[in-house]
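Step one of this worksheet: look at the structure below.
Letters A, B and C mark the chains as written, and numbering starts fresh at 1 in each.
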Amino acid sequence: MKAYEMTLKQAAQALERKEISSVELTQSLLDRIGGLEPQVRALNAVCETQAMEAARKSDQRRASGEAKSGMDGIPAVVKDNICTEGTKTTCSSKILAHFVPPYNAHVIERFNAQGIITLAKSNLDEFAMGSSTENSAFGASKNPWNLSCVPGGSSGGSAAAVSAQMAPLALGSDTGGSIRQPASYCGVVGLKPTYGAVSRYGLVAFASSFDQIGPFTRTVEDAALALNAICGYDKNDSTSMNAEYPDYAAGIGQDVKGMRIGVPKEYFASEGLSEEVKASGQNAMKTFENLGAIVEETTMPTFEYALTAYYIISSAEATSNLSRYDGVKYGHRAEDFDGIVDLYVKTRNEGFGDEVKRRMMLGNYVLSSGYYDAYYLKALKVRTLIKQDFDKLFDKYDCILSPTAPTPAFAAGAKSDPMHMYLTDIYTVPVNLAGLTAMSLPCGLSSGGLPIGVHLIAKPMNEVTMLRAAYALEQALPPIGDPTFAGGDA
Amino acid sequence: MQVPISEVEKIAVLSRLSLTEEEKKKHQHDLEEVLALAQRLNELDTTDVKPTAHIQGVENVLRADEIRPSMDNEKLTANAPERENGCFIVPKVVE
Amino acid sequence: MTYETVIGLEVHVELATNTKIFCGCENKFGGEPNTHCCPVCTGMPGVLPVLNEKVVEFAAKAGLATNCTVANFSKMDRKGYYYPDLPKAYQISQFDLPIALSGHVDINVDGNEKRIGITRIHMEEDAGKLLHEAVAGTAVDYNRCGVPLIEIVSEPDMRSAEEAKAFLDTLKSIMQYTGVSDCKMQEGSLRCDVNVSVREEGAKEFGTRTEMKNLNSFSAVVKAIEAESARQIAVLTDGGTITQETRRFDDVKNKSYAMRGKEEAHDYRYFPDPDLVPVTLTDEQIEAFADSLPELPETKKQRFVQELGLPEYDAGVLTGERAVAEFFEGCAAEYSDAKKVSNWIMTDLLRLLKEANMEADENPVRPRQLADILKMVDEGKINVTVGKAVFEDVFKTGEDPAAIVEKKGLVQISDTGELREMIQKIIADNPGPVADYKGGKKKALTFFVGQVMKATKGKANPKVVNEIASEELNKA
């Protein structure tokens, strides 16, 4: 097995048993990146020198029996909206194209404390707003399964990187599905932890009520190990959960006999759902039943309103979070301007892309006086109803199952209408509104050879149960294989 | 839901963006499209429903009043487009 | 047509916490620009605020000290607007659910008591400062960014500049007493925005109001109110109308000006800050805060009147500032004649502080030192005049009174023999005044007393001198 083919668990074991060194592993991944990046374009920056240096130090520690953790020496890709001290963090936006944070995000401090190496910064939709990574100011990333297709978004670069075996672990961020949808398109595992389980300190904010950092991995067990590395209380984040955190791998390998899985009928009845995705989802349900779980159709009446509520609330928070980009303290500043107001306007006009501007306008509209009650406040009330719907569901069920996205990955440029793009998040956004945890894992391939994902949702702080179900399903389903890098330009 | 161009202009000012005439029309269209969807939220009766601004239901996250070291001025201003004598420089502002 | 002036004030008070409201940077006035800052208070990408518990405590105490209802539930909101001193382009403040509501403060103007309502008090973060000394452009200093503020909004209950000043004095005093703020306007820890309107006497509706910001002293507030009131009355008398606007007051020219350029009506787009969770206080916690408040100025003043028998005016002066009241109490603990202590404070201490341009809390004299002086006077060791001079010396040098008296040889001369000799000599040398005295001008006695005081450099015991001089003159 090549080093880059190793899963996170395999790599950790190999390092521990000294079957491989961190330097060898890191080099293998860097070589893999060098070979594939021209086609996949998953990464904004590769931290080659720092990564090799960190790998050397890791090996030294291990040699003297002072490994910082079981993951010491594991390289990981980090989405480029997570602040890495001394290394550019651009959010794939012109306005932060040269921004070098003077501090590390909390998750990066956790990485450092465990010896996990930041290998590269991955591409994303600008400021995490998008579902295809086509909104990146630096060019779109490609789907390793078909290079003329999108990898999904906004964490498309991280999903593609793990899918292409550029790293056994990548961090993304999920605000309305930005980890789960690209995971589904790229045939990897993507998990959004419970809101508050991973510190947001250092994650460049998009929608503060919804944003969460989470892992991409190639197996479910890897995702559990990743959660152990990144979850935990942070006193610098007022929304960080001050609670007991479990060993996230505790449920791996346990059976799912008697586990109750609810499938809201509204999800499988929605208009844009492709037949193949529907069939794949139904296959997953059947598989669960064969494993002894109880799969039942149920209902979620507020489902159809979630997307709209999400767009109103997230745009409002986004516009506020992005107002700080003004050319004064950091980031891009326009060259010619006449006075401070002109400085702001020119800088922001030049620095932001279309999708960001679109959401900014919507956000300011719904917050402006005269419209606040009708839109923003109404959306917050609808959010309460959505949460209540989920509470009722979790009274009866351990997990909820749905497709992750209505279709497999679409062709680059295919969804030019923003509304069509927004609809790809239809199954994922309710989770963020309610602060739940959810994940996507591969459950099949389309006739066109593109991965299809199934979406599992659990109530807050119930990742262990969700991972238990996901693992059982993963083990029972045939593997989908490796990406073919087909299509696209030669 | 109609959004007059004058509204689009007002919102652009609040957003500190400047739009061409064509862009204004585009934003007008995009806004109207989303707001039309937003109207559908009125199908839900939210009369006695409290808005959820914070999903976790947590209160009183506070920290002790203890001093922590500030950031070195050089590091703090390293990303500034223009700086002088430890300050961030902007065009002349008349107060 | 007589007009009535209506005034409302919005007072921003910087809280005397150790650290800023949302980060651990030191809350300290001054310093080189951008040296008390961190990524949080300069609004860098990815940072998050965490609320300082002391800010909640101080804000609640400020509310309790001004008779407000402290909220069991309040939350933080974002107030969005663009200005270079605001790094996030929003200020974290409180909009619809502030920490305190519906209080009042009682003021006294020329012996008339009046109650001024307080609409609300809320917590918020301060913005940075713009420095205009840059070579080209304006320099921004974020040191002050994130300093915790409470904004105290009064009801439009004031009807004169004097009432406004009395309100500010009283509010400042209360804030100092609670320890919530040192309220030093010259350091910006107390700032005041003034809303002024006028209306015909007897009218029920309020007139259109204008706002004046950035007034940096209480006297500027007074002048601004008077000038603006006069301006509005003049406009209305001429048949014009008042435009609702923000005006800048020029302290030197004693005039206000409409702010230049089109004043954009601010749509602050308030919404609950998603990064901060609500603040809840139980009734027990609020009560505990109330119990921990020190005796407030009004209560202390009444106690001075009732228990110590001080006149209302004196009690008012002594309790006006916490530092003065504490000095008084410290001294009165060691010396029982409260009226005497009060007099010395009012005539001497306050004068010396004013002359030295010092705040009451910078007073270098310790209470015991005044008590010692008063005791020495009672014992006859020094006379009152000398005592006052010694007090001034203590103020200027910090040395103990006894040491000063010793060093300068100021002990009062009460030796009757010595004095009698002196007096006899003066009588012998001054036949004229002696003749005056004998001729019936009893007032001529003061000449002889004066001469003795001169000869002894003021150290003679005046009472004894008087007695002996009378005796000797009668004999002569």
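As a working rule, contacts are C-beta pairs under 8 Å (C-beta built on N, C-alpha and C of every residue); 3 or more make two chains touch, one makes a residue touch a chain.
This is a predicted model, so every value here is computed, not measured.
Taking the mean of each chain's C-alpha atoms, the chain closest to the overall C-alpha centroid is B. The interface holding more C-beta pairs in contact, when A-C is weighed against B-C, is B-C.
The mean-CA centres of chain A and chain B are about 23 angstrom from one another, to the nearest whole unit.
Centre-to-centre separation between chain A and chain C, using Cα means, comes to 57 Å.
For the pair chain B and chain C, the distance between C-alpha centroids works out to 40 Å. Of all residues in chain C, those touching 2 or more other chains are 39, 42, 50-51, 80, 82, 84, 140, 267, 269, 271, 274, 276-277, listed in ascending order. Counting partner chains per residue, chain A shows two or more touched chains at residues 99, 102-103, 209, 235, 238-239, 323, 326, 328-330, 340-341, 344, 364, 368.
Each of the following residues of chain B touches two or more other chains: 14, 16, 53-54, 56, 58, 61, 63, 71, 76, 82, 88, 90-93.
Put simply, chain A touches chain C in their complex at residues 81-83, 89, 91, 96, 99, 101-103, 105, 200-205, 207-209, 235-239, 316-317, 320, 323-324, 326, 328-330, 340-341, 344, 364, 367-369, 372, 376. Considering their complex, residues 98-100, 102-103, 195-196, 209, 235, 238-239, 241-242, 302, 305, 307-309, 311-312, 319, 323, 326-333, 337-346, 348-349, 352, 357-358, 360-362, 364-366, 368, 375, 377-385, 387, 418-419, 433-435, 460 of chain A touch chain B. Those residues of chain B that touch chain C in the complex are listed here as 13-14, 16, 53-54, 56, 58-68, 70-71, 73, 76-77, 82, 84-95. Here chain C touches chain A in the complex through residues 39, 42-51, 78, 80, 82, 84, 87-90, 140, 267, 269, 271, 274-277, going by the rule given at the top.
Residues 3, 7-8, 10-12, 14-18, 27, 30-31, 33-35, 37-38, 40-44, 46, 49-56, 58, 61, 63, 71, 75-76, 78-82, 88, 90-93 of chain B are the ones that touch chain A when the two sit in their complex.
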